[in-house]
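Below you'll find a set of structures to go through.
The two complexes that follow have chain A in common; it is paired with chain B in the first and with chain C in the second.
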Partner chain A sequence: MSADPDTDELLAVENLAVRLPGPDGPVPVLEDVSLSVRRGEIVGIAGESGSGKSMTARTLLDLLPTGAEVSGTLRFDGAELDHRDRKAMHAVRGHGIAMVFQDPTAAMHPMLSVGRQLTEHMRVHLGLTRTQAKARAVELLEQVRLPDPEGALRSYPHQFSGGQLQRIAIASALAARPRLLIADEPTTALDVTVQAGILGVLDSLRSDFDLSVLFITHDLGVLASLASHTCVFQHGRVVESAPTADLLRSPEHPYTRALLAARTDPAEVP
Partner chain B sequence: MTTVDTGARRRPRVPPFVRYLARRLAIAVGLLLGSTLVGFLLVQAVPGDPVAANLSDEALGDPQAVAAFEERWGLDEPLPVQYLTYLANLVQGDFGMSQHTGRPVLEDLLDHVPATLEIAVPAFVLSVLLGIAIGMFAALRHGKAADQAVRVGSLLGLSTPPFWMSLLVLYLFFFVLGLSPGGGRLSPEFSPPPAVTGLYPVDALLAGEPMVAWDAVQHAALPVLVLTLITTATLVRFVRSALLEVLRKDYITAAHAKGLPARTVRYRHLLRAGLVQIMTMAGLTFASMLAGTVLIESVFAWPGVGNYAYASASALDRPAILGVTVFVAAAYILINLVVDLLYGLADPRIRLS
Partner chain C sequence: MSLLELTDIAVEYHAPGRDRVRAVDGVSLEVRPGEIVGLVGESGCGKSSLARVAAGLAAPTAGGVRLHGEAVTPLGRRQRRRAEIGLQMVFQSPYSSLNPRRTVLSQLLDGVPAEVGDRAERRRDALGQLTRVGLDEAAAGRYPHQFSGGQLQRIAIARALAARPRVLVADEPVTALDVSSQAQVVDVLAELVEQLEVGMLFISHDLALVRRLADTTAVMYLGRLVETGPTERVWRRPKHPYTRALIDAIPSADPDAGLPRVLNGEISDPGAVHDGCRFRGRCAQAFSACGDEPELAGDDHTVACWLENEDTERVA
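On to the complex of A and B.
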């Protein structure tokens, strides 16, 4: 079992299985998934598309399609989290666990101002006044190193580039002070040059706020300098789980080796 | 794009939204002009001789009477001259004289348009509210029994011919239940209130005659009901599919992931995004209501635009047909202009770029 009953533990997932309704009965998408994240730790989840990476994230936030069957145990922040108890699951959203999506241009509402999207959940979870929420939003945008935070609050998503939007999305995810951030391929839709900046922001947030991050990617190399621990997913199962350095140096599972071989190092691209 | 803004926060002299509206307005004027030309040519192309349609057999035998009729209506002039004359008069608010009522077309329109508005406006408001409520209800229960029920119901509403539904409703509420006073705008014992807005319930209240107002409302109730049912059926389907499309977007998932209350996601995020599409459809629906729903109006003996258009067409009354055409075209164009304006207000991507 990968989850140590460590006092440092923030999230533990044990024997998680998910089945989605299909035309010929339930289709298993996750089987016997176990992983754990400690406070202030970045854990990587790697695997190709369809391997169950995003399903894991969606299960944690109860964002699965209707009719999904979930089993297994979840423990978050020292308490058991019952996945059948929707109220309890939803109470964790935003405040306990937050998420950053792959395509920031699709994950921001095109008709609502950045200020509104940054503050609406702050006011719900933290009970801040409009002025307090605005001040915090400016602070957050400074932390993700977005130029002119005041002006950004009055702007709309279409006025920003993908990289800027992803910074805004990260700020928005952090707005209600979550303890775990799920980053679902947050750099895949961005230029290689912009990627490094986003990764830097995530790492500094981790060290500054003791934030834990579950970093989902299809690119094992991205995890090298970022994640202390990595789980490799294939066909809805965790096929290998080890400290990232060990995993990269001596991958045990053939699928991990294949993933590593398939990788193109951005530094090698002329 | 004429200028490239290089970070130097310089605002263009004309705000983008004003430019957007100015362009829409110019297009609207062009469309209106074009629609008068098309309308004019179509009326010419209608087979049938207006002289024969409007003069008695006796007068038709008299070449002088025929010549006098042709001269009076300008039928002896070449076509381009006829069109330009029509246009020049139109700009001054002169739609010509109706041949079958013998009154200025403008006056006829001013009588019939309020009658249509009297049923179209309440039916529009009701069906937009119902369409959004029911469409959203179904979209949020996609694939479940409630959704299926809504789909079947709206399909029934769509596939029932309007005149048939009118007859059913009239039969039920007038003959069987006796709840409705029947066709027309007012019961025979009342005379129309002095015209201010042309809407009987409003004018009757203004004249301090609540009984007349109540009678007018009762008369309008059934046509409003039929129009609402049919329009709601259309809008429900549209709202449902528009919202289903939005529900698949990442930003809705993201809003849930932020831990916002379901209500907030539903009204602020989901409905807001679907509204632009819904507005387009609602605008078209309203315009088609103003064009008059001939079949409903004739069952309820409702003296609206549809009935006037029908009577004018039967009489081959060219000025009246053209008058209705121009009115309907103007209504469509104006409503589209309003929708464009609302677009800009709803969507910052239009407003700001």
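On to the complex of A and C.
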């Protein structure tokens, strides 16, 4: 092995535990969660709703509700992150880590043109001029393979289909040049044909720009050829964590097996 | 004998200031007792427009709906009419189809026909519907917000069943639910169709789900059916290039399979239907004949594609 896995590391989460305030005292939502993402790597998080997938993302983005108790270690881009240090967490969220959600409309302002939403972000966060920002926006839309980027900048969110909007949301998330993109069920609401396109976009962003992605999904099949490593979550814990191919070929945890059995796979067709 | 029969249905929308949209363009389909017909296709292809017509909730621009051979008067004068003629619909969002301010029992009782008997008997019947979908009778006294999405969808199904429908039209009934509740709701539906001998039109953009549930699969593209047939045959030997593309787009859990294949282009606006095969712009196999629109042809497994029609001729 030539590459040193330690220097390659972008994100490390060790023994993360999160408890949220409840009516009868703190409720544990994550327990002993450890995972890591290298530069230019896509890591999958699989599990059902309520299993803690999104809560992990929220912790990384400092989006936990007030009163949440967090323990464990977070390391990003070589630096230890103190989750109590709001300023440091905020800086990471602004530049290092970006996110896309299941519903792309939630991330867009319906009354503002796509161009305005993309460029304003860059002018504020990266200090680009109007012309620079526009050129960068066109470049980003090309990267997510949106047809007619120039025209798209002049259009409004309602003029796009769900799949096109999700590409725009990805472009917008990439505007601040994050090192890590957290994608929380980004294709769940989309047609399979559209999903296939988005998976392709993420994979090429990874290979062309060394982007790291934490891809959250309930469908293990989506991760098969996309993620090099997969963590399966159940009840707030990582119940299985392995290279994706191994995990799919010989799942060890009964829950992983159940997730696999629950899906209809085209590969079953002789 | 067919239970629900749709003949040559067309649905047009005419929004002011916009071109006429022909969302459904000549669809014929039938559902037999105890049969589940799955309708698949991409967003915007006209599935919901067809569903509303099939359930008697909207009048088609052209074509007819028959239930047990009797013409369904589109949009009966009273809301009750639908229940009387035996068509019930289950919608995508259980949250919007149930009233948040009324108890589950009172909403179930809406569906129970008067013939069932007096108050006590109707109440017993409503509770029976609840247990039939796998919920506890104690659920009856609660309000919708006290349930999960999957439980609510089962309540919505129980309410539809209370009306003794002969056909259930389910439009994306599990799309809003997470996978484990999806499986539960789908199992409940499959069991009920078998036990009660009702017919079901099950609409979904999830091809894998339709494969698991439906006896017959119908594939819709831009307002038209492009392939229909027994589900396993359509899956194992898809004939239409679009059906094949849909199947190829499903990610496989086989780590060697590679990323799912991408179908070029996007489903175009049904307002802009051109001459010829509607799939032509995205079809890798298009050839000269495709400038004319192919008709659905075949006996059991039908397909609307010149490639297949030519084969048939060559063989004959």
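Some observations on this one:
Definition applied: the second predicted complex is superposed on the first by the 259 of 270 C-alpha atoms of A that agree within 3 Å, B and C clash if a C-alpha of one lies under 4 Å from a C-alpha of the other, contacts with A are read in each partner's own complex, and residues count from 1 in each chain.
Criterion: contacts are C-beta pairs under 8 Å (C-beta built on N, C-alpha and C of every residue); 3 or more make two chains touch, one makes a residue touch a chain.
These numbers come from a predicted model, not from an experiment.
When the two structures are aligned on the shared chain, A:H218 is found in touch with chain C, with no touch to chain B. Residue contacts after overlaying the shared chain place A:L140 against neither chain B nor chain C. Once the two complexes are laid over each other on the shared chain, residue contacts for A:H95 go to chain B alone; chain C is not touched. Touch criterion not met for A:L35: it reaches neither chain B nor chain C.
Counting the residues of chain A touched by each of chain B and chain C gives the higher count for C. In the superposition on chain A, A:L165 makes contact with neither chain B nor chain C.
When the two complexes are overlaid on their common chain A, residue A:A245 makes contact with chain C while staying clear of chain B. By the touch criterion stated above, chain A contacts chain C in their complex at residues 48-50, 161-164, 190-197, 199-200, 203, 218-222, 224-226, 244-245, 248-249, 259-260, 262-267, 269-270.
Contacts from chain B toward chain A in the complex involve residues 249-251, 253-261, 264, 268-269, 272-273, 346-349, 352-353.
Partner chain A is touched in their complex by these residues of chain C: 42-44, 178-180, 183, 205-209, 211-212, 235-236, 245-255, 257-263, 266. Considering their complex, residues 61, 63, 90-95, 98-99, 101, 103, 106-113, 120-121, 124-125, 156, 158-159, 169, 172-173, 175-176 of chain A touch chain B.
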